[in-house]
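Each structure below appears as structure tokens.
Paired with subunit B in one complex and with subunit C in the other, subunit A is shared by the two complexes that follow.
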Partner chain A sequence: MLIFQIRLALASLRKTPLIMGLVVTMIAVSVGVLMTTFSIYHFMSAVPMADKKDTLFAVQLDTLKEWPHETHLKMVSYKDFQNLKDNELPINQSASFLSRVLVDVLDGSQRPFYVDARVSTSGLFSMFRAPFKYGGGWDKAQERDFQKVVVINHEINDKLFGGRNSVGEKLLIGDATFEVVGVLDKWVMTPRLYDLKNTPFGETEGVFIPFSLVEKLKLTNAGNTQEAQLAESDDPFKAFLNSESVWIPYWVEFASKADADSYRQFLTGYVAEQQAVGRFEPGNDSRLVAIEPWLAFHEVVNETNLLLVGLAAMFLLVCAINVMGMLSAKSFGRFKEFSIYRALGASKALLVKMQLVEVLVLGVICGISAVITSLLGLELVKAKFAHYEQVAHLNMALLLGTIVVSIIVCLLAYLYPVLKASQVQPVRYLK
Partner chain B sequence: MMLEIKGLSKAYRTDTVETKALNDFSLSIEEGEFVTVTGPSGAGKSTFLNIVGMLETFDSGQLLFDGVDVSGLNDNQRSAIRNEKIGFIFQGFNLLPELNVIENVTLPLRFRNMPAAERKQRAEEALATVGLSKRASHYPSQLSGGQQQRVAIARAIAGKPRFLLADEPTGNLDSEMAEQVFELIEQLHKDGATIIVVTHDKKLAQRGTRCINVLDGRCIEGAETELRNAS
Partner chain C sequence: MLDIRLVLSAIRYSKAAVFLVIVQIALTFAIVSNVTSISAQLWQKMSRPTGMAVFSNIAIESVAIESNFNAKNAIAEDLAMIRSTPGVESASVLSEIPLGASAMVPVFRSESEKYGTIDARGYVYLADQYAVDTLGINVIAGRNFNAEEIQEFERVSFRGAHGVNPVLVTEQWGKMLFPDGDALGQSFRTSMGMVKIIGIIEVMQGAWADWEGFDRVALFPGILLGNRVEYLVRTEANRRDALIGELDQKLYGLNDRRVITSIKGQDEFLDSQYQNHSALLTSLMVVGLILMTFAVLGIYALTKFNISRQTRGIGIKRALGATKGMIVSYYLFENMVIATVGLLVGLSLVTSLNQYLVTNYDIATIDWVYVPLVAAFYVVTGLIAVYFPAVKAANAPAVEAIRAS
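The block that comes next holds the complex of A and B.
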């Protein structure tokens, strides 16, 4: 009976191709727009590393109370990182910054090219669960020994080494020769928690270089900096490193909440200690910040995204009301057909069931169309706004959600016609 | 007793007007009877037929169908009786245009959840009875009016109902087609069905085993004799 009902439903939909075309188009476009905006909002507002919410924190050391510029970055200075890095309470630490480097191969077979680089401590890979295709990150000993080792992403690996396992291969970064110790697989982390100020939704950096090489290789920051007054010096790079400028996102991970509390006390003591030597003005905002407040502070999801979702929902509502009108008109034109069913022995309940099957068929057609519209919408967003590359996509849950939303919209729009149809008086339509 | 109606009343109401369609209507029909119903337009013939077919409710009185008081039945129970015990034949055929002949004929059997093989066999038998076996895969629009009415009759009898209700079954047909259709109905009666036919055609009305006249919503006794005398 169900297959027959589906056949009847399809036949009914075919009977009024114009109305059904309009219904499918309206639902597909409105649901598609909603899911496009919602999927972007969903991925932007995701909380990465949510399982570490009680043990993973950003360190915020506000070296100055009044900054010369309006922008206020809540990170740490190079000097403070050097002072804090040897504390053994954290089980893992990640300090990193965005840089830009020139990459070349040793044999000169390719042209050198610039690529975004992340200069980071070894802890970044394990802390943020970097997926490796080959090899892995460098260890603390290699970092301590200033070894020139590098992790590259799979795209750079494809470009330089044809995608093969390049662990142990050499490449040039600037003038220095580096050995590849790991190749990253595709790494999707939205937003990119380790550096929300610079690359919250960007591509994974091409190369990762040990933080310990900053001074040796004079690796410069290509990201945002809260710049403080620099001291007069013959070496501006050194002056910058020794300044109160904050520019390093610094994350610490603990084995327990108790360790985190102990570290907070340590941090309070450190600030007091620094104040005693003339740093950290009174009332400065220095503390450990958990993941969610950190995301909120950086306004990863701004109000515009939410507003767009709201507008899309209103557009869907308007379309649904229009669809309800069209489906009602179609249904009212079928009262004779419903009357025949009733005369032949169909109960009111069966009539409702038959129409619900029709709504489901229509909902699935609309849902598939809405998925296509959503995918097109997301491609359009990606084409127009490259920084949405990581967030403009549909996962399986959102894909199924698109179909379910379409079915629900059809169901709500068809509710009134279905109820009316079930109350049809056959004698009025049968002669 | 197949059908027993006692003091049935039915009125149609709008905000300002009440129109009595049936007024203290009483009638008994034995199993196997072939009853023709005549009367002027608006007398209540179709209302009577629709109430008997449980397509319409009534205001007061009693209707016993096969010994069961239908006023106490819910929609599912009435629908089940309509599906299994009653066959409808309409003046306008009322076939579904998007279904072919055999699908139209099997439709009430599907509502009964009859297995596909039995459904097919019943439909083929019904189509053979009305002489349309070769038209099983045709669509209604490909058939003449007479053929469409025969398909409607096949649909009505496919479920082997005990009661056939026909409302002006020949009203839309020319005389030759009308004769063929009426002969078919007579044959169904001979095969054992209890039949009520509403008709304006006095000649056809005389071919039933019993004829009643409906006037101002009442069943008039002795109409049979009057009709015979008139002819």
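The block that comes next holds the complex of A and C.
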């Protein structure tokens, strides 16, 4: 019976090809546009590491008052990190910055090339759950001993080592020889928590270098620096490291809430201690900030993305009204047909059921078309705008959502005509 | 025949359908008007003059591999080679490429009895005496740097200079610091040392298109010595693309122990500056166009369907002496009435939607120029959408039309 009704529904839809073609196109395009914009917004506004909301914090230090600017709160200075890093409370610490380094192979078989690098402490990998293909991160001891070890991403591994397990292999960074200890798998994290200031939607850096090597190798910051006055010195790099300039996003993770509270006390003490030597002005805003407020503070979600979602929703509304008009027209045109069914003994309920089957069939067709347009839309976004690559994709929930939204739109658009048509008075139309 | 009462009584028989059409027109009108206005504002923002000859310029970034690199000699060698290459008109070494995303952003602080203290941030680029020609900027008052004024600094340690440094500033920045337009010749403190304004640049853009200070730019006389060097090369416009490949090879030929990390037209930086804007503009235009198309197609489909149901009525009217023209004009008139009501309702929606956008997003108030344009476009396309089905119906022979059910 159901199959018969579906065939009947398809036949009825085919009877008005212009209207049905338009209905399917309109719903497919408008739902497609909505899902494209929504999925981008959805992935941009995602909160990674949400399960660590009570134990993972960004360290905010309020040091630079010279030129009023909020940006200085987003990063810490090198000397503050050095002062804070030996505390035992955090189980993981991630102080890192973006750099650009020259990568070369030992045997000279390839041209050297520059690549984005992240200079970071060992805690970054476990704190942000870096996926490893081979090997793993370096440990605290290796970092303390200034060992030249490196983690590379899978693209660099493909380029330098043909994709094989390269743990233990050597490569040149600048003039120094490094040993590969880990190869990262594809690492999608949106937004990229460890550096929201510089690379919230960036690709995984090509190489990761231990933070302890900063002074030895003079690794310079390629990200944002809030500059402060430097002391006169023969060694400008050292003067920079010792200055009040802030440039390092700094995260700490604790085993428990209690540890976090103890750390807060420690931080208050540190600020007081520094105030005694003339740093950190009174009334300053130094504290631990949890993930969500930190994301909000960095305004990583571009407000135009929300605007586009709203616009797409209005677009869908107009299309739905349009569709409603066309479906009503189609339905009203079938009063005579319905009257014949009624005269032949069909109940009102059967008429409603018939039309519901019809609209469900229509909804499924629209839904599938909408999934296709959504995927096309996202491909288009990816092809045109490289920096959306991390956020432009559909997951299962969004995929199902697309179909459900299409069916609901069809149902709503058809509600009025169905009710109206089932009330048809056969006598009037059968004369 | 063109009586409003006739239309009204016809409408009474299909209230729901007409209501839907009116709501649809009103919403479409509100959305498309706002979208058009936002797109136009985006377009205006994107087409602000850069002040520079970006389409004739090549930007080159070269990074030396060796750590004991003699930057001074290498820069002189590179520039000599570049300048002697046929097709090159001028070449300069700069601290960063203007329109690229990085630049120094010091505070300039003018202190005078007349204006009090005025702080204004802007972009500063270190440049040599050839930069004005290479960039293609206009110095509208004062003078360019001369060779003696160009100092050398280490890139890693440069935070400013001692003494009073001559600078060129854009008229825009000059006016912020000295509102009466008497910036030329003034000396004042900045977060990178004392400066004196020796020349005024007509227009020049800096590093972040979204920042209000995008056109607050100054040139500071100097060359930064370091492994990373930024060259800007002015070429004969039609030879630029060929020169990009040629210079790339020649630079490697001169010194192999370097990496040319980037060599491209300066206009490509402009494209990256406006990548988000152009994404938004494209999305808005696509959605707006599809919306308009759908609205018109919807009217077309509805009219076609409705008229096909009224074939019999039309036949009777024709038999009673109505001309084809009268039938067609009736439907056109009916459409006009409905469209007008829809547009009037839409007008209030245009304003409220715009107010919502202005309060919640960083969007300027609607430019009313586009509203009547959108309305006119809507009316005309709506009439066209009605015209064809109406003509088709009117052309059917009356006898057959009456027999139709």
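In this section, the second predicted complex is superposed on the first by the 417 of 431 C-alpha atoms of A that agree within 3 Å, B and C clash if a C-alpha of one lies under 4 Å from a C-alpha of the other, contacts with A are read in each partner's own complex, and residues count from 1 in each chain.
Here is the rule we go by: contacts are C-beta pairs under 8 Å (C-beta built on N, C-alpha and C of every residue); 3 or more make two chains touch, one makes a residue touch a chain.
It should be emphasised that the depicted structure is a prediction, and the values quoted were computed from it without experimental measurement.
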Original post:
Which partner does A:114 contact after superposing on A: first (subunit B), second (subunit C), both, neither?
Top reply: second
**OP:** Considering only the touch criterion stated at the top, classify A:237 as touching first (subunit B), second (subunit C), both, or neither.
**Re:** second
**OP:** Determine, under the contact definition given at the top, whether A:427 touches first (subunit B), second (subunit C), both, or neither.
**Re:** first
**OP:** Give one of first, second, both or neither to describe whether A:175 is in contact with subunit B, with subunit C, with both, or with none.
**Re:** second
**OP:** May I ask you to decide whether A:314 touches subunit B, subunit C, both, or neither, giving the answer as first, second, both or neither?
**Re:** second
**OP:** Report for A:347: first if it touches subunit B alone, second if subunit C alone, otherwise both or neither.
**Re:** first
Original post:
Quick one: subunit B or subunit C, who's touching more of subunit A?
Top reply: C
Original post:
With the two structures laid over each other on chain A, which partner does A:411 touch: subunit B (first), subunit C (second), both, or neither?
Top reply: neither
Original post:
Of the residues on subunit A, which ones does subunit B touch that subunit C also touches?
Top reply: 336
Original post:
In their complex, what parts of subunit A are in touch with subunit C?
Top reply: 16, 18-19, 22, 26, 29-30, 33, 37, 67, 102, 111-114, 174-175, 220, 227, 229-230, 236-237, 239-240, 302-304, 306-308, 311-312, 314-315, 317-319, 321-322, 324-326, 328-330, 332-333, 336, 381, 384-385, 387, 416, 420
Subject >> subunit B residues within the subunit A interface of the complex >> reply: 46-47, 50, 53, 55-56, 75-76, 79-80, 82-84, 88, 90-92, 94, 96, 98-99, 107-108, 110-113, 155, 167
Subject >> Complex interface listing, subunit A residues touching subunit B >> reply: 1, 4, 8, 11-12, 15, 336-337, 339-350, 425-427, 430-431
Original post:
For subunit C, which residues count as touching subunit A in their complex?
Top reply: 14, 16-17, 20-21, 23-24, 27-28, 31, 35, 63, 65, 67, 107, 154, 156-157, 159, 191, 259, 261, 275-276, 279-280, 282-284, 287, 290-291, 294-295, 297-298, 301-302, 304-306, 309, 357, 361-363, 405
